[in-house]
Amino acid sequence: MKISARNALKGVVKSVELGAVNAEIVVEIAPGKEITSIITKKSCENLGVKVGKEVYAVVKASSVMIGTD
Amino acid sequence: MKISARNALKGVVKSVELGAVNAEIVVEIAPGKEITSIITKKSCENLGVKVGKEVYAVVKASSVMIGTD
Amino acid sequence: MKISARNALKGVVKSVELGAVNAEIVVEIAPGKEITSIITKKSCENLGVKVGKEVYAVVKASSVMIGTD
Amino acid sequence: MKISARNALKGVVKSVELGAVNAEIVVEIAPGKEITSIITKKSCENLGVKVGKEVYAVVKASSVMIGTD
Amino acid sequence: MKISARNALKGVVKSVELGAVNAEIVVEIAPGKEITSIITKKSCENLGVKVGKEVYAVVKASSVMIGTD
Amino acid sequence: MKISARNALKGVVKSVELGAVNAEIVVEIAPGKEITSIITKKSCENLGVKVGKEVYAVVKASSVMIGTD
């Protein structure tokens, strides 16, 4: 499936932490640059997400804020 | 302000496109890796966002999905 | 790409309305059941979204609320 | 309350799964078409959500993405 | 409709600004405390939102971040 | 960091509830007006969120809906 979400950053899963309903996944998208994602535990299992796997961190543009120093 | 959003990726603004209410901003966070953001035009003006400026692309972890090939 | 978003409802595009930055797309996912989506105009163009096209309305589970009468 | 969210799809609760903070609710909105929602456990209790109950799956248009094959 | 969104803050509309697809609405929820909302122009029209009207600013808990000084 | 999110409502933490992955935080932003937030447990710990602490409830404008009676 091609998706309208403008952001799909390729990376490697660094950690997976499971709760009762949700899972927290950390993806390294560039050396020293990580993105943390919260998805349902079921999605995590359905996609076979585990440490070392190549995945995309996908974000809808309207969910991205801008910060300045 | 320190913010709970787990993701704050430093980068440089590559383009800014203004609509009536919203603005679309593209930030390069690593060579060849870009993130697109939609914020209100007023926020864009308040922060002085313009091409070349150093900014952070900020994303709440619950807004990040995971994709696999 | 397989995506962690739990909801991908197949349907047919009923209307597309373009703004300066965003586009509003209405998808019929079952007889008389429609879903409205706001995506960037660029995503709309990249995906070739137009009336009559088969698409999926994709929603992350954490973006779905529950209402009762 | 009337709400600005453009999408309110009527359906029947198929399952409820409780975590410590969140709950996962699956709603059948048409034969064979389901939507999964994550809401807080407290909202789940406040609304009396349980299997068999008629509810609406409510989604803000800006949270809906479009996918294509 | 009762809705699972945990936050429904009563207030008065201070301004409405219309774009091609979206509308920006500012609601005063307490003296000197305002909330800005972006909804579709159609929702704005459907609800009859205009300056001076009593409305609720409704936010899903998972969309609220925490900041500290 | 200055952030593009249009809404940053100052308040005091009334309660913190921890799950395995997420935390639920209630902030009083005006007498009798509370906002509930779900953030990751790690963010909660990183920011030192606890009952009585002064914090901001931060919300992107595109996450705010409007309701009417």
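Labels for the chains are A, B, C, D, E and F, by order of writing; each one numbers its residues from 1.
Keep this in mind: a residue touches a chain if its C-beta (ideal position, glycine included) is under 8 Å from a C-beta of that chain, and two chains touch if they have at least 3 such contacts.
As the structure is a prediction and not an experimental result, all values here were calculated from the model.
Peer 1: Report the chain whose mean Cα position is at the greatest distance from that of subunit D.
Peer 2: Centroid comparison gives B as the farthest chain from subunit D.
Peer 1: Between subunit B and subunit A, is it the same set of residue numbers doing the touching on each side, over half shared, or a different set?
Peer 2: Because over half of the interface numbers appear in both copies, subunit B and subunit A meet with the same residues.
Peer 1: Could you say what rotation angle superposes subunit B on its sequence twin subunit F, using C-alpha positions and rounding to the nearest 5°?
Peer 2: 180
Peer 1: What's the distance between the Cα centroids of subunit D and subunit E, rounded to whole Å?
Peer 2: So the centroids are 21 Å from each other.
Peer 1: Just curious, how far off is subunit C from subunit B if you go by their C-alpha centres, in Å?
Peer 2: 23
Peer 1: Could you state the distance in Å from the CA-based centre of subunit A to that of subunit E?
Peer 2: Their C-alpha centroids are separated by 29 Å.
Peer 1: Two or more other chains in contact with one residue: find those residues in subunit E.
Peer 2: Answer for subunit E, listing residues that touch two or more other chains: 1-6, 8, 19-20, 22, 24, 36-40, 42-44, 47, 49, 56, 58, 60-63, 65-69.
Peer 1: What kind of graph do the touching chains make: line, ring, star, complete, other?
Peer 2: Shape = other; not a path, cycle, star or full graph.
Peer 1: What are all the chain pairs that meet the touch criterion?
Peer 2: A-B, A-C, A-D, A-F, B-C, B-E, B-F, C-D, C-E, D-E, D-F, E-F
Peer 1: Quick check on the complex: what are the subunit A residues that touch subunit B?
Peer 2: 3, 5-9, 24-25, 27, 29-30, 33, 35-39, 43-44, 47-49, 53-69
Peer 1: Residues of subunit C touching subunit E in their complex?
Peer 2: 17-20, 22-24, 36, 38, 62-63, 65-69
Peer 1: So in the complex, which bits of subunit E are touching subunit D?
Peer 2: Touch residues, subunit E against subunit D: 1-6, 8, 37-40, 42-44, 46-47, 49, 56, 58, 60-62.
Peer 1: Report the residues of subunit D in contact with subunit F in the complex, numbered from low to high.
Peer 2: 1-5, 19-22, 40, 42, 60, 62
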